[in-house]
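These notes are about the structure you will find just below.
Chain naming follows the written order as A, B, C and D, and within any one chain the residues start at number 1.
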Amino acid sequence: MPVITVREALRQALHELMQDERVFIIGEDIGHYGSTYGVTAGFLEQYGPERIRDAPIAEAGIVGLAIGAALVGMRPIAEIMSVNFSLLAFDQLINHAAKIYSMFGGQMHVPMVLRTTNGWTQLSATHSQSFDVMFAHVPGLKVVAPATPYDMKGLLRASVADPDPVIFIEHTLMYTVKGEVPDEPYEVPIGRSALVREGRHVTVVTYSRMVHLSLQAAELLSREGIEVEIVDLRTLRPLDMSLALASFKKTGRGVVVTEDWQSFGTSAEIAARLYEYGFDYLDAPIARVNFKEVPMPYSKNLELKTVITVDRIATAIRDALT
Amino acid sequence: MPVITVREALRQALHELMQDERVFIIGEDIGHYGSTYGVTAGFLEQYGPERIRDAPIAEAGIVGLAIGAALVGMRPIAEIMSVNFSLLAFDQLINHAAKIYSMFGGQMHVPMVLRTTNGWTQLSATHSQSFDVMFAHVPGLKVVAPATPYDMKGLLRASVADPDPVIFIEHTLMYTVKGEVPDEPYEVPIGRSALVREGRHVTVVTYSRMVHLSLQAAELLSREGIEVEIVDLRTLRPLDMSLALASFKKTGRGVVVTEDWQSFGTSAEIAARLYEYGFDYLDAPIARVNFKEVPMPYSKNLELKTVITVDRIATAIRDALT
Amino acid sequence: MPQDTAQPVAAVGDAPRPPDGTNPALLMELYRQMVLIRRFEEKCQEMYTKAKIGGFLHLYIGEEATGVGAVSALREGDHIFTHYRDHGHAIARGLDVNALMAELFGKVTGTGKGLGGSMHFADASKQFWGGYALVGCHLLLAVGTALGDTMQRKPGVTMVFFGDGATNGGEFYEALNFAQLWRLPVVFVCENNLYAMGTPLEVHSSITEIYRKAAAFDMRAERVDGNDVLVMREAALRAVEHARSGQGPVLLEAMTYRFRGHSAQDVQKYRSKDDVERRRSNDPIEVFRRQLLAWGVASTTDLRTLEHTIDEQVEAAVQFAEASDEPGVEWIRQSGVYAAAIAVDPPIHGE
Amino acid sequence: MPQDTAQPVAAVGDAPRPPDGTNPALLMELYRQMVLIRRFEEKCQEMYTKAKIGGFLHLYIGEEATGVGAVSALREGDHIFTHYRDHGHAIARGLDVNALMAELFGKVTGTGKGLGGSMHFADASKQFWGGYALVGCHLLLAVGTALGDTMQRKPGVTMVFFGDGATNGGEFYEALNFAQLWRLPVVFVCENNLYAMGTPLEVHSSITEIYRKAAAFDMRAERVDGNDVLVMREAALRAVEHARSGQGPVLLEAMTYRFRGHSAQDVQKYRSKDDVERRRSNDPIEVFRRQLLAWGVASTTDLRTLEHTIDEQVEAAVQFAEASDEPGVEWIRQSGVYAAAIAVDPPIHGE
């Protein structure tokens, strides 16, 4: 199977999806500029300005228009280049996209996808956040955050095919991550977690970029005789805990790694579920590894102390075993 | 001590605060209309339009202006009449109010308060939500959600006196709740939970309106010989778990009651902390009582099945003991 | 230049005969709709007092000419979005009055199966995409359907209703910019009833001639007398034609007035009884009724008969709503939340 | 009427002598600031390439006349807000160049102790309230300081900078409405450099004369040549005077152009090298330099000496930044998050 980057996998998926006339892309700087992270570079030239819609800087508008177009049979892919800007579209996402199906008694539905990115690299406090927990909290939204090129392609296709609004979360530091991806079209189902590494001593539950850091930590620890099992959630809503719980029953020890602030963040729900459903197998408190709870500092030195490193994960795993 | 309603307690606090020339109130329909929930009724007449500022329907604007005014020495109290509309101001709250102190290296701070309301009563999907978890997740914000008239007055005063941005969450179904409130000014400190009922069998951790329903459930259960201890968190960020943990060490059993969706909601963090820090005292999984995870239906019948009732709390407590 | 696109206030229709192109049947139909809205709303108030209806109730009484005139300019295939004050637009678009009353009663036979209530009337089969309760935020959805239609080469026009208060929020301006930038077929109808809840127009908006806000986008705009159903209809026809022919969106500012409070809770401190009485003397239904009689379109008996039929229709709607069942618990399961619910293990709380 | 408040494009300052009220010292000061900005920015680019500076870097090269001219119209007690492209405004306001470079290096001697970086220069002591990175959203804060000043009967004027791209987001309009509604002393300065990142003006905005957007609020507005520092200054003086005298806010649209990419990452696919070269021939610094020489304000030697001093100053700033310490870990504790941190038990994660 060809080995390609996350960026390439997303491009493949988008090219395939653009074969469907109902699909179009709307977002800032996706066309003339050439795409902030290169995902849609060349698309304007290939598909034209009607289907690659460079939008004004109006995030509420981008999402609102996508919802409206979805109501009348289109399959819009809206892009908000950084999740930090998505706060401006929260009303459209939470009060509109997430509600329309249910509030009108199932008469209509909103098959739109919002592609957006988490990420950081000395971008300071307002450009380095994750709002995963805010999206995942909202019934009516589906929330997908894949980690591998394979899942990126398969889940993006599944998201666009899905009749409900999907928040599709990428990561700026993951576009160059490589992996095997079949050339042909395929879908990875929304709402299914994946076992990405087998082990018997401890269960790590994680998703998105932290899958890769957890894998690296596991490699380190393997040399110390610690065998880590890793579950990639892939989807946050609905949340499939079945594999994580199965693993936890085996290991009795859990570490949850999520790239957001700890308090009231995604790791709280994941840990709470492990405790609730894995109660009889609990051998130790479940550890949580997260950002330090501060607005991200610009200074590289401090930033690296705020974010999650392979070392911090490895330490948390070691601690969980003692 | 005089017994007054939550509404009266808030009015007292606001009248006292208005003695400080730096304080003003900005929000929709707080003046001419007479205030949606009556809290500022008569204020326009008493303090005039310069300090009781009826704002256009522009929630981002209301919060943004409050931030700016706070920077130059005012003590703005912004009001968003329903938390459901606050999504429109999320960027101002999260990317601005919460960041300014830290991002500029402590040069300036934002002493503003946002008063807003949770609540429901056949208001359907977009007017019945709680976003407590979203606020509580954000370092840089302080998040207060009192339950009693006494705490409403004392915490509102503390919030306005605080140099940092505070989200002050009221509840539309609580304005008529009564309790003892001293006439004179006093403050209740932000970040301190309270023990509101002593018991020895089970610990209920909750806040805001659910304190009252939990108290009612406790009365019911008391007749069955079950003595429930109840901790009112009062503040969500920073989260003071000391009393809850002390109680949990005694009872080994916990029930978390929060009026929001369960998945990725406030109860997840509260439960996770009980598990983490109370691990050695755990006798049973901690129960969580929440809204059903659906957009709120209008139909009264379904709404009552979606929200939390005294009965549901009582049942959860009984279950936690078996 | 902006001012070129703006028209003076149209005069109240006091012409000696109906305008060209309005035949008696059409005139009677407009009258029927206006009266049906009025009687429906009066019944709602009654049912609210009896606690048959809950939540917020925003009545359209006094504004009937605006909704009826505007919606009459649309045809099948066109789209409507509106706000929480949506009863009038729904009835004008021909939504089933039984289903509307059932919706208010929270019954499964309601337009939204009782899930939405007063603020969320909708009928997808009529492309009446619903009433929305976040002031001004639905305008963006309306621009979206217009975009979708355009991309699919469909001839539909989208009409969206909102109040004067909705023209200060950012979404209003974002919507106008998108619509004009991409020349989308949207007719924005601002119902200027002089108040946003209890806040007077001049207190909430830096300019009080709302149509002039379109100047920021070089958008065609017009202020019209929304109290006169025929004037409103003419203006809407012009606007719809402009939009449908690919010339871009239009902003219509309809001058109107609500005779009741903002919602059933409103005690109306912000205006006097006298103010309201003065406006009532210009009741759009009375004005139109006098015209119909003067023009010989109908006799007093004709109108009485019609009004009687309408009363019966509204009464029947109440019976229908009363007799209907409540929605089932599937609506508070995931199957009521998603078009394609996904089962997971352990299940989502609430299953 | 809206058009009355709008002025024609002011002509490029090609007058045979400097305008009244500009003495040689002032002219030299303006020139010094422009050159300092240019050299500072060039040095930033160099340091970015050397990885001394990280994150996003948005240079002000080509736009110096706008920021310098506008800021020169302010006095002590006035306020400034700006966007992420904030270096020029900070230097024009007299922020310490050493501290600015240290900020870019992420050092504790930086204006924001190294917490903010390039996008977040600030100096509260100069009421330079900072650079903000959410396009258009800081305009509301600026209206807020103006409100605060007004309520405290202080004579301050708030000036806020933003780009052409920022005039399509809802916050821009909300800000203008609040400012005009309450007649607040705000000068909105739109730096129209014809692109929002890589999206051309006519692709993102339904009208390309940004100043005309003020018509929606009856706000005074003017389009000026932001390439000519004296023209810019004159317009800003008029606007500030208007605002300070209680007549309300003003929107200035400054026509300008950036010679570099949007940020250091930009490969500028959206415009040709030729386009940029053509604009470079009208470099605002060169234009002003020629004027100073022609007017006899300075000799070539004077200017060279000045430029040399500036080079040394920038070099010294690099040395200063390099030699400074990194911020301490207290900034990633709660004490670095809150003006009044509250200790709780168990402590917040990260303590």
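As a working rule, a contact is a pair of C-beta atoms (placed from the backbone, for glycine too) under 8 Å apart; a residue touches a chain by one contact, two chains touch by 3 or more.
Since the model is a prediction, treat every value here as computed from it, not as a measurement.
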| item | value |
| --- | --- |
| Most distant chain from subunit B by Cα centroid | D |
| Subunit A and subunit B: spacing of chain centres that average the CA atoms, whole Å | 30 |
| Centroid spacing, where centroids are CA-atom means, of subunit B and subunit C in whole angstrom | 36 |
| Mean-CA-position distance for subunit D and subunit B (Å) | 40 |
| Multi-chain contact sites of subunit C, meaning residues that touch two or more partners | 112, 114-116, 120, 132, 134, 137, 168-171, 174, 177, 181, 204-205, 327, 331, 334, 336-337, 348 |
| Multi-chain contact residues (two or more partners), subunit A | 55-56, 58, 60-61, 84-85, 88, 91, 95, 102-103, 124-126, 139-140, 239, 261, 263, 288, 293-295, 297 |
| Category of the chain touch graph - line, ring, star, complete, other | complete |
| Interfacial residue positions of subunit A with respect to subunit D in the complex | 28-29, 31-34, 36, 54-61, 84-85, 88, 121-127, 261-263, 288, 290-295, 297-302, 305-306 |
| Of all residues in subunit D, those that touch subunit C in their complex | 1-3, 168-174, 176-177, 180-181, 204-207, 212-219 |
| Contacting residues of subunit C [partner subunit A, same complex] | 79, 110-116, 120, 122-125, 129-130, 132, 134, 137-149, 151-152, 154, 156, 170-171, 174-175, 177-178, 181, 327, 331, 334, 336-340, 342-346, 348 |
| Complex contacts: residues of subunit A adjacent to subunit B | 84-85, 87-88, 90-91, 94-95, 98-99, 102-103, 124-126, 129, 131, 133-134, 136-140, 236-237, 239, 260-261, 263-269, 271-272, 275-276, 279, 282, 284-286, 288, 293-295, 297 |
| Subunit C residues touching subunit B - in the complex, by the definition given at the top | 54-56, 103, 106-107, 112, 114-117, 119-120, 132-137, 165-166, 168-170, 196-200, 203-205, 262, 266-267, 269-270, 326-327, 329, 331-334, 336-337, 348-350 |
